[in-house]
Every structure is written in C-alpha cells, then in structure tokens.
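These are the structures, in structure tokens.
Consider the two complexes below, in which subunit A is the common component and subunit B and subunit C are the respective partners.
This part shows the complex of A and B:
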C-alpha cells in the first residue's frame, strides 16, 4: 500500500513537470514583419483559416474540406462548438501575449471577433496574433484550446488517481476493488507488470510512475480528442515533442556505463569508429524523434480521415452519399478507439524498452539469451 | 487530371507500410500456429515491429502532407 500511494504522489509532480515543459514549447515568437504573407497564402493547406468566413454566405457552393479538416486538427484561440458564420457557437479563450514594447498583455480572444476585428494594433490572422507595429515582437502565451484540454485532462487524471489511491488507503490492497478502481486497476497492473517489469527488469519500479503518467495522459487525451468537440491534443507536435523529450532525458539520465560504452566504444573494429560513433549518437535522438512523429501522425491522420469521410457528403452535395460516408466514419471511429489505446500502449512500451536498454546490467552481446530467460 | 504529386508520395509510403505490416502479420500468424503457447510474446513483438514500420510510413505521409500544402 505504502509504495503505491508514493507512486501516485510522484506522478502528480511529474505531471506538473510535463505541463511546465509543454508551456515552454508552445511559446511562439513571431517576427511582426510577416504580416504581409498570410493574406496571400490563405488558401494553403498549412494555414488555419480564421473560423471560416464569418461574413460569407452560408449557402456557399464550394466546400473546402482541407480547410475544414485543418481547422479541426489545429490549435485555436477559440473553443469552437458548432455553427458557421454568424451562427458560430464558440468559447473565446484568454489571450496572454508578451510584447517586446508593451510587456505582458491579457485579453479575451472575443475582441478579434473570429479574425474580423482588430484590437488596438493587434489582429488575429490564421490563429496568429500579429501586431501592426513592425518594431513589436509578440510572444504568444495564450491559453489556447489545446492548453485548456491539457488542463482539463490533468484535472481528470488527478481526480481519478487521487480517489483510487484513497480507496487503496482505506480498504487496503487485498480487498476487491470498487467502482472506477476496478476499471483502472487492471490497466495500472498491466503497465506495471507487462510493460515496465517485462522490459526494464528489476529496476522497473523506479520508472513505473513516469510510464503510468505517459500511458494515461496519452490515453485520456486520445479519447477526449475523439469526442467531436474535443481538441486534438495528442495530434499536436508540441505535445508529443515534450513527451518524447521527457523520454529522452529519463533514458539518458538513468543510463549506466554499458549503455555509454556501447555508444562511445561499440564492439566493432577501431577503424569503423569514425562511422559508428556518430551513428550511435544520432541514434540517441532518432528513437524519441520516432516516438514523437508516430503519436502525432497517427492521431492527426485518424482525425483527418474521419473529417474527410464526413466531408464527402458536402463535396458530392448528395443525400445518397451519406449512408456510405456515415458507415465508413463509424468503422474508422471504432478503429480509432483501438488506435487510441494502441498508441498509448506503444508509446509506453517503446519508452520502457529504451529505458530497459539503457539500464540493462549485462553487456550487449552475451546478454541477450540470459535476459530472455530471466523473465 | 489535377492534384498534388505529394499524394503519390503518400501512396508509395502506404504501399511500403502495407507490405511490411502484411509480412509481420503473416509471419506472426505462422509463428503462433507453430507455437500457440508463445502467443503473448509473439503478439508483443509483432506490435512493436508493426509500430516501427508504420512510423517510417508516417514519416512519408507527414512529408507528403507538408508538401501538399504548398
């Protein structure tokens, strides 16, 4: 019972760390000289349109599915619920900007009226706050849609795990689990036994808090992202970048001598060192990089597929397409439920394998057989 | 015919991933048929390998997506 409670305590501090890192990464500095560009590339894929044409007619003929899809998967200064143009129902979120000339400024994104109005020198172009003053550099620290969802999921995770920890404290670990305890206990023991212990070995307990944090953070945000009005947080590269960076740091900080020996003095003829050492060093970074891209691309691709299939109805402007589109969307959505779990599992599994490789005691070549039997 | 050549790139990376995951899945089925008691271990290894193949394919898709936007 004791260690378990301690684990959950550590988990919440780790979570705070993850959040702090996330806030650092989402800092975006825009040189204000860019403000001429966005108007010319407003049709481009990579650009988020400021909430599709507030002043456009609702009965517009052509529907730009790419624009709609990217609007759904990218971060925003509004939490958009439904509706287009004048009927838009969206929650304006707070904007916090640090200006190089005026210092910290705080206001609601409602002042921009979905990109159609400017606020003093500031205007919102394709979800970027830009200033009319070319001398002014803006650092955007806004509480955007993704940040709100991160805070929501943090609160959710905190509530779930403190209440589970409390029930272990009161009823002990030997009694039958109750309520949400019985839902989460198998998942927690799965992460602890099947992911951590199998891949890391004897020292796994030290890493279980991090693995549990990563697993549930990704899982809960994947699931929240699948709800139609939810934000696509796990499909945000900044978010996955922070998680991958945490894995990189934890792996290398805890790595033992064998790990570094393998990188700096690989078991190959000395003449090959000039090639092998740079490769091994690059390898340290490519593993978390692949983690980052995998989660980001999987979730983003899933969301794009769902929105594109629904979009087929509007592209063909026909009632007869809808049964097919809805059936396919249902199929993909069910598949996405599996992917939500699978991606959380894979991220955690690969993280524990990287950690396992870094903390393994034995030397690389002779160790393989021995390790397999140890399980 | 209109469209972006980036779509061909995305398609090619999908072909690669299809072949890779097909091989992994097929061989995993064979392995499980031979040794059903190793099911759990084979499944884990299979998922890891599939994830690695898929990761490479998704690099292709992401690059295609970025290029498609310009």
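This part shows the complex of A and C:
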C-alpha cells in the first residue's frame, strides 16, 4: 500500500506542477499584454483599487461585495484566480463567436484585457461580447470558465470510471474492490438500487447509465464549485437547463400509454377536461423546470452565502470580524458539502421518479381507484 | 451592474453554455455508457450473482452435510441393529448347534451303550451257554468217570439198577 500511495502522490504533484507551469506561462503572456495598455480606472464598481498612479489613499477603496459575489457566481471569459486590477492573475480563455455578418470568429479573451480594451468592433461588457456594429448579431459560443470546468470534469469522470471499469477487468469480480473502485462502487450501487430500481422498477436497467452520469456530473461539479477558484457550473441555469431538458426528453420519450392517458384523459368528470388537460400538459414541463431551478438556486445560494460571509470582513473593514466570518463560512462550507451530495442525489432521485411515473404500468388505474376510494 | 441586471444574467441561460453542455453531456452519457457503466454494472452484477450463488451453494452444502450426517446416523443405527441381529443369530445358531450336537452325542452314546449292552449280553449269553456246554460235557465226563468207577463191579451195577428201578416204580 505504502509505495502505491507514494507513486500516486508523485503523480499528483507532477500533475499540479505541470498545471501550474502551464498557467504561469499563459498568465505571463497575458500580464505582459496588459501592461502595454494601462487600464483607465473608470469602473467605479471595481473591487479593490490598486495603486493607481501611486495614490496610497486609493488603496483602501470600498469593496463592492455584490460585484465580487456575482463575479464568482456568473460565467466568465477568464479563469480568474486571485488579485484585482493590475494584480489580477487570471487565465484568458478562448472566445468563439458566431457573427451574423462575419461568420465564426476565434480569438483569446486576453484581447479584451478584462473589458478595458476592444478587439476590432468587439468589446467585452459585463462578460458579454458586443459589437460596435448594430447590424451584427453575435452568438457567443466561447469556451468560458464554466465550459472549461465542464470539459475538465467530464474528462475526470471519464478517466475515473473507465479506470474503474478496467480494474474490474484486471482484478476480476472475485476479489474485493480497492482504491477508487471501493469508493465509487457503493455510490454506483446506491444509484442503481436505491435511486433507479426503487423508483423505476423492473425497467430501471435501461436508465441507470443516464442516472449515473447525471449523478456524478452534478456531484463532481458541485464539489469543484466549492473550491475557491472553481467555476459555479451547477449553479448556472444553462447547465441545469440542459440536464432538466434531457430528463424531460427521456421521460416523455419512454412514457407509456398510461402516462399519456393520465394527461389527455385525466380521471375527472369530462366537464373539467378543459381545465385539467392544459394543467396536465403544463405539468409535463413544470416538473423538469423545478429540477432546473432547484439545482441552480441551491448551488448559487450556497455560493452567495459563503462569499457574503467572507465579504463581511470587507464590509466592516475590520480584522476582528474575521473570526466570526470564518467560523460561519466554515459552517456553511460544511453544509455545502452536504448540499453538494444532496443536490446530486435529489436531481437523480427526482429524475428517476419522473421516469418511474412515466413507465409505470397501471399507474393511471391505481390513481383512479385511490381517488374513488377517497370519494 | 445593478441588481436587475445581475438577476437577468443569473436567470438567463447563456446559449454558449447550453450548446457546450448539451454536446459534452450527451457525449459523456454515450461514452460512459459504453466504456464505463456497461462493464462496471456487468461486473457488479456478476459479482453479486457470484456471491448469491456462493451463499446458496454454501447453504446447500450445509444441508447436504446435515443430510449426510443424519444418513450416517441412520446407517450407524441400522448397522448396530444389523450387528445385534447377526450376533443374536450367531448365538442362536451356536445354541442350536450345541444343542443339536448334544442331542446327537446323547443319541450316539445311547446307541453305543445299547449296542455295547446288547453285545455284552450276547457275549454273556454265549459265555454262559459255552460254560453250560463245558459244564455239561464236564459233568458227562465226570459222570462217565464216576459211572465207570461205580459200575466196575457187579454189585454196584445191581445197586444202581435197583435205585433206578425204584425211581421208575415211583413214577
């Protein structure tokens, strides 16, 4: 066991070094690019104003916590690590835009210098690429911070689970699982048995791969989002929108006759059809919509709370607030660890419940009988 | 950056992220299903089946052993019974043989005794008759000798005739 851990440590250290080197190189080029165009401190909302022109009194400018918080929560064309203004350490990310007049354009976000410079007709305003030409409509398909984390997490998940699959092949199924395998196997069986089988029933096997992917993608991105420099991907409505849409599609594509009967011929008097059918149809969409909002709101709220608590130190401008702020932040962070797991679980659980309701046999009749008994 | 703008950018899904997420997510589902979930789930299922099979076979082995044990006991009891029966039979046979032998021996003894007795009797009779004959012949000889001596003189012959005559008269 000992030498293995050592090797693993060496590997991760090497990985970190390579990563750090890579970011340093790109940061340097970015920083040197920025120095050529000294920023004009016009943005009054800027967080900590750096030594602009050596004015010492400008050093302690008021911090706009709202701005800081939403910079952390919203997507960005940079991967911001630390520092503000000239001291910013951020990784510029590739911009891909589809222009209605010029077609696909590809350039680095370094050209915008955090919104201080424009690139041709384009400029970056509040993380949105806009064109000076009013005729030109821009579709922004940039590899933003969230996209980078999405790709990284997808690669991470793919690596984790293919290597686990490989270890099953090499060690066989007769030996006890070990390493990653023993950590993830209980989670996999939990999703398969307690989430999928319990809610979907006999047909659950077909949906288990989807549920597992959703569960681990959300879980890993929730966890990555909690790391201070991580991206708030699961707290982004576009991400939850896609996941919820996939659930919507899977649910309705696999739905059986009972499900549609319940929607189009609900067990109510015919006179109420005019009211019930539109409600049931809206219901198809509200369920995944709730999924989308739940994950987005939970993760975003958690991040806002953490940043707000840390921000107390800057609002009160006192070091003495920090023990309280740190204590509360620690508490919320621990809570967020739970929420990270819980939200991944809830999303997967509700997805499997929706699928279960759509594929259940005699669901309609049972509901009908229940109502009759109630009468 | 007013709050309305923030709320707007928070709740408006960006088209770029939607596109990328859709692409990555769908690819991830497909790739993971093929290269990760399928082998992992199959392996877990196989192991569960193996474990269930091992448990059930252990259970059945235990049952087999119990059955074997009870069988053994049954066989032991049966063997004991058989042994007892055999012993009893042997004892009976022995007794029978002994009693038969005894009976035979007694009979044989009786027969031998009877034969012996008969033989003895015969021998005795023969001896008696032989003795009788010898005694008779001796008597005759003696009588002859006596007669010769007695009848050697005329007087004595006369006396005898007289005696004999007397006897005849009596008759």
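Note that in this section the second predicted complex is superposed on the first by the 304 of 375 C-alpha atoms of A that agree within 3 Å, B and C clash if a C-alpha of one lies under 4 Å from a C-alpha of the other, contacts with A are read in each partner's own complex, and residues count from 1 in each chain.
Just so we're on the same page, contacts are C-beta pairs under 8 Å (C-beta built on N, C-alpha and C of every residue); 3 or more make two chains touch, one makes a residue touch a chain.
What you are looking at is a predicted structure, and each value in this text was computed from that prediction instead of being measured.
Residue contacts after overlaying the shared chain place A:212 against subunit C, while subunit B stays out of touching range.
When the shared chain is aligned, no partner comes close enough to touch A:359: not subunit B, not subunit C. Legend: residue contacts after superposition of the two complexes on their common chain; A:342 is shown touching subunit B, with no touch to subunit C.
Of the two partner chains placed by superposition, only subunit C is touched by A:67; subunit B is not. In the superposition on chain A, A:141 makes contact with subunit C only, not with subunit B.
After overlaying the two complexes on the shared chain, residue contacts for A:298 are found with subunit B alone; subunit C is out of touch.
In the superposed model, A:290 makes contact with subunit B only, not with subunit C.
In the overlay built on the shared chain, the residue A:350 is in contact with subunit B alone; subunit C does not reach it. Here subunit B and subunit C are compared by how many residues of subunit A each touches, and C touches more. Judged by the document's definition of touching, subunit A residues 45 lie at the interface with subunit B and also at the interface with subunit C. Within the complex, the subunit A residues that touch subunit B are 44-47, 198, 290, 293-294, 296-298, 301, 342, 345-346, 349-350, 353. Looking at the complex, you find that subunit A touches subunit C at residues 45, 66-67, 70, 73-75, 96, 126-127, 139-144, 146-147, 150-151, 154, 157-158, 161-162, 164-165, 168-169, 173-174, 185, 188-189, 192, 205, 208-210, 212-213, 217, 236-239, 241-243, 246, 300. Here subunit C touches subunit A in the complex through residues 1, 3, 5-6, 9-22, 24-29, 31-33, 35-41, 43-44, 46-47, 50, going by the rule given at the top.
Those residues of subunit B that touch subunit A in the shared complex are 44, 47-48, 51-52, 54-55, 58-59, 61-62, 65-66, 68-70.
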